[in-house]
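The structure appears below as structure tokens.
A, B, C and D label the chains in the order they appear, each numbered from 1.
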Amino acid sequence: MDFALDTTTEELRERLLTFLHEKVYPAEPVFSEQLEAADDRWAWSRVPVLHELRAQAREQGLWNLFLPGEEGGGLTNLQYAPLAEITGRSRLAPPALNCSAPDTGNMEVLSMFGTEKQRKEWLEPLLAGEIRSSFAMTEPDVASSDATNIGTRIERDGDHYVVNGRKWWITGAMNPDAAIFIVMGKTDPSADRHRQQSMILVPRDTPGVEINRGMTVFGYDDADHGGHAEMTFTDVRVPAENLIGGEGDGFAIAQARLGPGRIHHCMRSIGVAERAIELMCDRAAERVAFGKPIADQGVVRDWIAEARVRVEQLRLLVLKTAWLMDTVGNKGAHTEIQAIKIATPRTVEWILDKAIQVHGAGGLSQDSPLAGLFAGIRTLRFADGPDEVHKNALAKAELKRQQGRGTH
Amino acid sequence: MDFALDTTTEELRERLLTFLHEKVYPAEPVFSEQLEAADDRWAWSRVPVLHELRAQAREQGLWNLFLPGEEGGGLTNLQYAPLAEITGRSRLAPPALNCSAPDTGNMEVLSMFGTEKQRKEWLEPLLAGEIRSSFAMTEPDVASSDATNIGTRIERDGDHYVVNGRKWWITGAMNPDAAIFIVMGKTDPSADRHRQQSMILVPRDTPGVEINRGMTVFGYDDADHGGHAEMTFTDVRVPAENLIGGEGDGFAIAQARLGPGRIHHCMRSIGVAERAIELMCDRAAERVAFGKPIADQGVVRDWIAEARVRVEQLRLLVLKTAWLMDTVGNKGAHTEIQAIKIATPRTVEWILDKAIQVHGAGGLSQDSPLAGLFAGIRTLRFADGPDEVHKNALAKAELKRQQGRGTH
Amino acid sequence: MDFALDTTTEELRERLLTFLHEKVYPAEPVFSEQLEAADDRWAWSRVPVLHELRAQAREQGLWNLFLPGEEGGGLTNLQYAPLAEITGRSRLAPPALNCSAPDTGNMEVLSMFGTEKQRKEWLEPLLAGEIRSSFAMTEPDVASSDATNIGTRIERDGDHYVVNGRKWWITGAMNPDAAIFIVMGKTDPSADRHRQQSMILVPRDTPGVEINRGMTVFGYDDADHGGHAEMTFTDVRVPAENLIGGEGDGFAIAQARLGPGRIHHCMRSIGVAERAIELMCDRAAERVAFGKPIADQGVVRDWIAEARVRVEQLRLLVLKTAWLMDTVGNKGAHTEIQAIKIATPRTVEWILDKAIQVHGAGGLSQDSPLAGLFAGIRTLRFADGPDEVHKNALAKAELKRQQGRGTH
Amino acid sequence: MDFALDTTTEELRERLLTFLHEKVYPAEPVFSEQLEAADDRWAWSRVPVLHELRAQAREQGLWNLFLPGEEGGGLTNLQYAPLAEITGRSRLAPPALNCSAPDTGNMEVLSMFGTEKQRKEWLEPLLAGEIRSSFAMTEPDVASSDATNIGTRIERDGDHYVVNGRKWWITGAMNPDAAIFIVMGKTDPSADRHRQQSMILVPRDTPGVEINRGMTVFGYDDADHGGHAEMTFTDVRVPAENLIGGEGDGFAIAQARLGPGRIHHCMRSIGVAERAIELMCDRAAERVAFGKPIADQGVVRDWIAEARVRVEQLRLLVLKTAWLMDTVGNKGAHTEIQAIKIATPRTVEWILDKAIQVHGAGGLSQDSPLAGLFAGIRTLRFADGPDEVHKNALAKAELKRQQGRGTH
């Protein structure tokens, strides 16, 4: 057992922190201004300063770090995790490094399951940062934490598949540069529970694809990330070769996509928590009330201590999960993947709430990043199914494990 | 001891509920549309459907119920409280009944402390619903929970006072119809701690009054309530007769304004909690996951039970506080007023969080009122000073009381 | 609505507080010593100082206050509740006033449902404080929150009933003066769900009644209350006239016993909470750490404020429940009775935990009453079924109520 | 970074688990019986079955594993931690392996700071398990979390030191075999804050040493661990050579003792948590209520999932702390040592509370180990200073760290 980062990771961490301090942070206000002034406020990927950042990130070898193997950074999950944490500190960092969701997950899917043609057509421009993508899984009418609930149909018709369905919370899809959608739907509703679903590539400009509106989260539309679209697919016809894997592989691909996605999300969220602690401490040290800095008040101290104690425990569990994925695979890490899904949002949400409280009402306003971060983290208690579903499953596994326990 | 409402209150409650169901709820979407289509989206008081509602409310004797005495509904705090709870169920109800903050508090101040001239000029049009008002107390640069921190100056200059200062979170001030501001500032920084402050009436169109921007809460700007302005007063000159009460009376007036304001806020918040419970139960009953309504899941049941148990206790404490104010005055009810300030936001916030969780991600979006309600309630943990300041004071009072306790 | 106590209650409150201060508190250490020195440490009812207290309580008209009607204090539930709270401050107060559980509930049962003969034989000596009693309902082998689970059999055999079964947590039964047991068992397992059970009077000295052992709570055996016995009934034969009510009435009688019992328990628990707050404040004021009294530390202040805010809300809910029972009956107060069962133990437990923390390790030891009080309150989360069962039922009722809600 | 245990640890873990299952668990009831039947119920170290266990542990090389270096198991903190966790599962395991507190800490002190003579006289018999020891630091009259508060005096008088003072919560001291006490006192109250204190060896039989009574924790006197004594030292005269280290070294030695002690305590507590989870799952699987095992109830599932998620995070933080102590020393691990002191008791206490709740009232009684475990864990929120003191210090350190943070 060894808790030290390896030298590759340490070295990349240093370079990444430098890049954030020297390039990303200064670019944040510029990005906001340029996006505000743009013709299409959803088209964040066209903002000039972002293009400059991306060029610099590529030069410095900080590009596509999330992707294992030769196409990406060649890092393990455990090596990438501490880097993902750092990217969580700025909303601009993940796009600058071509490491932003949902593109990361989509590239992983294409990298693992794509055909030669699919990779050439979609993975290459994604890796190059030339286009964006979305992942169309969640549906408004059903509890999508239960995959068998999916209502979207993908039906074979000669050399084509025809897609019909309604999706929402499709992150990034409001951005006109989101050129390709990975759509989850049922090809065979009569098959086994986990063999009914398939995934298919649907180009944005296919007739029948309609973007209806952007969903808001606590009043935010997240335009700087391409929003969260509600959209409909009406008799959308794509070539049969657009299917990813075979018919019925959808559930398995979704599972494969999930593991690294969770790690990334959780580590970025821990970056958010660290930023919140920084802001909380800075404010507590500087703000005077009733004659002394509020950093001297017992209740504020209690929050700061709690925040540190909680985030340290959380980070270790996420890192261990990354290590398990690297060593025993996603399946072997299943319980831990669920555990970090449960533990992360509520821990980070608690810290953000206290950081906001230390800031006074300004912490809820446009003057502070905290309110927006709170909104973002709050959605994680729903993402890929609400916490309660995951807790239920984890408990079931624990009960089973305990029943089978021997003496060791 | 008797927990039954009196017949006046019961009768008004019935009429008010009928009015909400028959008039207010149906008008909600109309109001939103008309405001959206208006020239000035902050000018909510000009929306046609609201004018219709107001005319109907007046006809039915549901107008200015909040104000004791002949000018208003003639109700005690205890009688008005259950009505205020009902108005909390719809954002449109308080304005429809001319019972919305901060106008209510301002009318109370003018009613109690205004000169004949001030009442004629400002109270009458406010009671008639012809103009709106704001209360300019909070300042960005200081912890305003400590009244001695106020930086705004009100200086005598011949027959005038000159006001200089910066304020923020001035609710309603973005609305061009907010014709009059009650401004808190220091007339004598060298006086006793609680005699330094005064309040003065500043008409919106006075030279030197500048509205800088609307603050957001999470991503909401609350345009339908006139927003929350940041504003500056630069050499703003008003006649000396605009002072409310005498020089140095500001703190005492603010305290007098606070008591009923708290009761109103808290009761409206309990209305919010009840609405959240309704929405949670409806959703739980109708939403099916893993083969059964989520109302059958133990964890959801736990939330519903907790919500009911918590809100029942909270309501009784608010009602008792109203009764104390009626029987022993604001001062005698001081500890209870603090207690409800502490207990209300966190209780209602907890219920809203669970109601949102039962709704899935849609609960965070524009499709549900819950997200906006959460944002509104969250601000109450700062309003009139953060919870922590009130807890500290309440504990101090408890410690003192315990030290002096005799045998009874 | 009126939150003032009536004059009867106020006057009794004063007398009761005087009695506690002048008589009960000084007798506490004497009682402990005398019990310690006694031949049978379970025979608390024989302790000399208790007999003196009882004589004084009778003289002063503070005897059997719990019982409505002529046989008792003639008080309503709402009138008795604030008195019960006061008795919660000292473990010696309820026995001194002949108002201690489970005798109170048993006397209520006999008063409401007993025959002339039963009342003469058992109620009279109980009211006179000459004997003690126990209520034998809970069983070790089944979840007794589900009344249909009861395994004890009461079978008719000619002019007699024969009782067979095993019970535990039979409070008071270790005391040799507990002369009579009210035993719950099944007379007809094939009857309707709530008509299977009956209650029967079993004198302690009946052959086949065996007291097996005293259960401990944490490390306490509660000898000063007669402990909590595990006991067996083996072919215990009693006259048929010992049945309370008719065959099949057991469930209904248990329900009738429950309402007032809950109110008493909850109010006494609130007395415990108030005592804990007193002890916490005293200790905080007197204990110095790092150069100042810990009463000046923010976290301790937070606890004190929370304790006050929580207990005020709780008390009002219990009082309202008492009022409902008086005005609309136990059935109409059903939801509130459940709500106080849920809210009371966890609230008081929280306050005790913080009071202990303020006391340091001494708070856990024999030097402080807090540890014992914690143990006692902790058991309430199980008494008459665990919280979780009650929450589930309350939520079900709420869901049903919401589904049927009209516009008012 | 690597989360796998090394082979030494893995191998010892296997042997230890086997030893527990084959030897320790079966001996538990025997130990209780033999102790019950003994002349002196505090003399747990004389119980025959324990002597057998010890002989077997020695044979199997499972003796003194806690102690680094040649005298002990030669393990690092990180290697010993997972073994300490296992010993937490049975109250009998630590004494069987000669790894029970406070002897472990005392042996460490003697091993690190003892003179040749001290080691020969006291360390050797301790390592051999021939005698027991106590650590006399905590005092009743002062907040001993502040070391400068210590009131006990150690005064030089020629070739001797004279000790005067009062101590309490001296674990193990009720056992007549506790032959030696390490006593903390002040040699020079006028020295620098952390140079006033010294430690000295006081044999039990020295005139002036008096054991006053055993403290209870929630009614338990912990006789099977030698209890927690209150004791007085009155003009106790010991040779000057009994001083450990030099005058003024007391604080530094206490700090050195603290690090490993915390790790051991925390890991044993995690063992307690794991045992509680086992008991909770077993009971949930077997207990039927309302027609199904309570393991199928959502709320119970929620507790089980929470327990697993919390304990996994906690364990990793404790292991990381052990690793830090091994790699950068106690000082470098200071924040983490504080963090685990804060995080452990409340986490394990929460799990125990839920496990008890799943067991029903029996979980609070002598029929279950849970109630006693709860009592033991509860004391950890006071041990070496209450949580609040540690949180305050940790927050202060965090605030300082944040103020000095650079870009990395």
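Note that contacts are C-beta pairs under 8 Å (C-beta built on N, C-alpha and C of every residue); 3 or more make two chains touch, one makes a residue touch a chain.
Because the structure is predicted, anything quoted here is derived from the model rather than measured.
With contact taken as defined at the outset, chain A and chain B are each touched by C, D.
Contact with both chain C and chain D is made by A, B. Centroid distances built from C-alpha atoms place A farthest away from chain C. Looking across C-D, B-C or B-D, the interface that copies A-B in more than half of its residue contact pairs is found at C-D.
Of the two interfaces, A-C and A-D, the higher number of touching C-beta pairs belongs to A-D.
Each chain gets one centre point, the mean of its Cα atoms, and the points for chain A and chain D are 43 Å apart. One finds 54 Å separating the Cα centroids of chain A and chain C.
Residue positions 297-302, 388, 391 of chain B each touch two or more of the other chains. Contact residues on chain B toward chain A in their complex (touch as defined above): 138, 140, 143, 145-146, 149, 169, 215-221, 287-290, 297, 299-300, 357, 360-362, 364-367, 371-372, 374-375, 378-379, 381-382, 386-389, 391.
By the touch criterion stated above, chain A contacts chain C in their complex at residues 297-302. Residues 1-6, 14, 17-18, 21, 78, 277-278, 281-282, 284-285, 295, 298, 300-306, 308-309, 312-314, 316-317, 319-320, 323-324, 327, 335-336, 339, 342-343, 388, 390-392, 394-396, 398-399, 402-403, 405, 407-408 of chain B touch chain C in their complex.
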